[in-house]
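Report on one structure; see the data block that follows.
For clarity, chains are labelled A, B, C, D and E in written order, and residue numbers in each chain start from 1.
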């Protein structure tokens, strides 16, 4: 029995809905009657997420939890859940704490490690020959991790490093700073509406330095709202809809057919998570912790991201690609233009004593 | 740091203040003048933005989008007033808080139900896109200049309406004593519906104008609502002039502290902690500003004596 | 010179360009009723505000029982023995008559910092409150909510609350306001008896009451005391007639 | 017995009977929900003293809730990692002992309430609402960027803290503990309302001028009420953190302040059991509506609206009639 | 035909009934005193006439059924109220107070400030900071500015200096001569009422118990119903 806790109402609902839809698509394709999925809405509130986890564990008696979109909610739920012997498969959030010292044999991140995309962006910035990048992110743990991740693989100078207010909607001041800084490029991590606002305002500001960011602000769900302003921007991602492999082609087609929209990275990760889970169920009994963990760790499923395996700390080893935003007919979407990092794991493998 | 950058940042602060004013003006009208705590004001802002995005999506015209935003928000405002708010003038503020909180829930989820969970697209019109060069070589987005203009215009118009017209006097009188002004022959119910619709329309206008450079999504109204409350409280509830000054103060503080404080701190400490401490304090700056103002003047800068 | 209970020395207060109090020195002696009269806007309420501590004078002193109270807050002055009634009844409308009276008793005895025992169960508070209500004739209405009282009854309660304080001096701003002819007559009688207990500084426009009660009258015009004297002196003072009484008196 | 007394008794009975039933049916989640309701009721009961009796519309009560939560989080975090909380000027160790945690929560909340109250009480009405909100926001942003204790991510405590003689990991025992505290607070509130202080505070809300004129300082009365109120909400915060074994800055957010206030209004402002009625209803609605539709907020909104429009005096008012007099 | 016609008027505040049958007629140009002890229902009658509370019984003004009209429409028929307790719009200046509800007619700013020069002097002061008596003048001026056919003065001289009261009574006398404005006066000083009123109506416990010409008012009637 699987419990999915994700955000289905309020501001961040679109991410949770994609996660759910991707996950359920795989589940329904498999069409198995030995797996039952319970879905609940966490409203993006940590305390609600904890409640729901309790409910899933105590009342629904689920064996596996999954679905949380946000790192802070994951931090609220995952340690307690794995401490109680449950498996947690992350469809998205994968904070550093859970990859390093806080790693656990029952916890698998199927998405990435939070830093991966930022590292990819950093690597790309180096490849592209940027020498003087301006970087900005919101002032909260994920934002700080993001800039750290970027700097890990970026070799040039920094024209500026700015932390903005979480939830900020007006970036005129930062854009003016960028203009004045003499930077040759910009890296930003501004999830959700923040990124939309930034891109629109940036496009209108007349500053036309190349911009790089992680996939979040260029995701299928958001791109339509950004519009023209995003076209041409490079972003780092572990997945893209034009990634050339069989599983992906099937996934994209099936998703479009079923939901009548293009899938996003959250949907892809949800889809992969479900398939990973199914592959493990075939091999081992979920009640036998060690065996089931081993089965998961084999990652014996066809990932829509191509090559996929787990590092020692149960986080993926995978490619990080560079995508470019394009316009296909009326729809804004991404195409892959390169690979930033190959078979990349994460920086916390050594810190994990498992 | 160059003078040009400083001037540009001051302009940014002004412009964000003017945008805040558009939102705060409607709120101060309703809150101050009608004595109603309307938490759902942010929802009307959202309604404006969504209406504009929807109409712009179909027609491609920004002007029509603005008209739609005004109309939709005004209509929503009038409906709320007649159906809900009107019954609450006599009850205490707390009932209004609960009722308008309920309205937020209904509006937010209702909008999500109609428009889906994904942010919508609304862009600035071509005629106003791109930067212009101001004297002194400052590059500044034309659209933002236009926003400053619209804001100033609205501010002036509202000030005229409230301070200089008979309707304005009647509205303010109604705030002091609703029963009495009716007993002296003014149809206060109609007047209030009108004021509410006007306040709502202003919120809708703000939503549409701002939506073009930000993201049009469910829940976009709440953070602005809090800011708008901060603005009107700093300025003094019910005072259009206060709302205007308050908005500029908040806009400038928010922008300038966020930019300059980390720089200032860097003079005293390492770059990394300076950046993070600076931006932490910056996020609190307007609240600190508000507390200081209120501790100094308990009814805001231009508030009538409480 | 007889001792004074309450006195102001050179009180001055301006609102912008308007001098609402201009060097006012008045006093209140034991057992007397000292009435303050004067045209509307002459500064009577402003004077009362400064005596009771809700307004701070720009200059001058207020003394109670020979002690300078100018720097004290309203509640401190009340504890020092100033019993005030308001021009517009200031009562806890949701509470009962008895509770309002107990409130006064509580303030006087400093028992407001008790969190556990029931206020209505406190013998001494209750006795004190009931005695005051008895005296103004509200004994039967003790359990009524204040909101249900008629205007006249509220005025009575207003006086009763001041009584519970057992003040050294009463300060009353237009106690007759809104009372009917009969109510005024009754209150006049009551105040007449009250002066034995503590002297009264009385602001009032009801000349029948003032002439019937006052031992001394001070006339305030444009923030200045233009005359002080007995009823007859004031009645016949031409300046007072011109500024205030008109031809009626 | 008045209808309100009956209603209160029924509520209390329900708070005992439902979890008892849940234990028998082995429905631990029902107990978790009930615990949540009881703790929220406690937080709201705290606000109800300031709001209901003192008329202080505080939109910053999440500050105290959050302080309580972080008192628990910080102490337990240090106990968990065996690092001292403070070495200088004197050594303070972390602890997993609830009474000590509560003590810290109560003391810090009291200090915070005192300072916030001192500055805020200069203002009245909407200004007071907003200045308390401002302090709430300051704490919120501070907590978000306080990276030592997790910043926006918050902190997880893996095992619930200890209370002597109880196994707090057993849901019903922890529930019992919370309920006991709630009952104690309600008894205290009931006494307080009739006490001289309660009477004076109530009058200070209605006619501050009168209270002053009889020799009491309304400001001081309100400040004390605000501190008492903050302390209770702070205690609720510590319990809430223990219920979730998790603290995060959302405990400081204005939405949370709003939610506490909604609970009080929903239940009936100033009513003794108002917070309980409000919290139980809200938690139940949240739970059951959430199961019905993804758009359940619409229905929650409609229900709240119906309560305001048709039930003056909240749920207690609806069930027990309008007036809450003193006897 | 009478301007205002009230018959068997009843009214309640929640569960407690305040009026049990008030009868009152006023003709154009007439000045009528409504008298009675405290709490007998005088102000309640006024509120019912001005449609500030709902009432039962007959309530007609200028031939129209007032029950059918909301408060503001009733006022526009020509009711000018000076309410008990003044109720000035305290955040408005004196001038704004006067203008807020004015309707065209003989009474305008000039004529009102001529009647109360004090209001002219305090022209742009916030009415909240006026003295009690100044506020009272303002309330009267405000009602006059609506150019009513029936002016209702509920304790309009309360708190005014004797000299001002005399001015008000003489102003009323002048109004009586110059216009056909009808006036309903509630006031406590019998002697002053006698100067201006044509008729008196006595209320007791929410009922009309006596009515007649002012001159017919004997000491035993006043002793019985108003206590003097």
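One rule holds in what follows: a residue touches a chain if its C-beta (ideal position, glycine included) is under 8 Å from a C-beta of that chain, and two chains touch if they have at least 3 such contacts.
Quick caveat: nothing in here was measured; it's all calculated off a predicted structure.
Going by the contact rule set out at the top, which chains touch both subunit A and subunit C?
Touches both subunit A and subunit C: D.
Specify the chain most distant from subunit E by Cα centroid.
Using the mean of the C-alpha atoms as each chain's centre, the farthest one from subunit E is A.
Can you compute the centre-to-centre distance for subunit A and subunit E, using the mean CA position of each chain? Integer Å is fine.
Comparing mean C-alpha positions, subunit E is 74 Å from subunit A.
Using mean CA coordinates as chain centres, what's the subunit B-subunit E distance in Å?
44
So, what's the distance in Å between the C-alpha centres of subunit D and subunit B?
Whole-Å distance between the two chain centres: 31.
Report, in whole Å, the distance between the mean C-alpha point of subunit B and the mean C-alpha point of subunit C.
The mean C-alpha positions of subunit B and subunit C differ by 48 Å.
For subunit A, which residues are shared contacts with two or more other chains?
Residue numbers touching two or more other chains: 9-10, 139, 144, 166.
Please set out, as single numbers or ranges, the residues of subunit E touching at least two other chains.
Subunit E, residues with two or more chain partners: not present.
Please list all residues of subunit C that touch 2 or more other chains.
Within subunit C, no residue contacts more than one other chain.
When you check every pair of chains, which ones turn out to touch?
A-B, A-D, B-D, B-E, C-D, C-E
In their shared complex, at which residues does subunit D touch subunit A?
Interface residues on the subunit D side: 27-30, 32-33, 36, 144-145, 147, 150-156, 158-159, 171, 240, 244-246, 248, 250-251, 290, 294-297.
Can you tell me which positions in subunit C touch subunit D when the two form their complex?
52, 54, 73-76, 78-79, 84, 86, 90-96, 99-100, 102-104, 106-108, 110-120, 122, 125, 145, 161-162, 164-165
Enumerate the contact residues on subunit D facing subunit C in the complex.
Touch residues, subunit D against subunit C: 188, 191-192, 194-200, 202-203, 206-207, 209-218, 221, 224, 325-327.
Along subunit B, where are the residues that touch subunit D in the complex?
Interface residues on subunit B, with respect to subunit D: 31, 37, 84, 87-88, 91, 93-95, 97-99, 101-106, 108-110, 112-113, 226, 229-230, 233, 237, 276, 279-280, 283-284, 287-288, 290-291, 294-295, 298-300, 303, 306.
Considering only the defined contacts, which subunit E positions touch subunit C in the complex?
My answer: residues 16, 36-39, 84-85, 118, 129-134, 136-137, 155, 158-164, 166, 188-190, 226-228.
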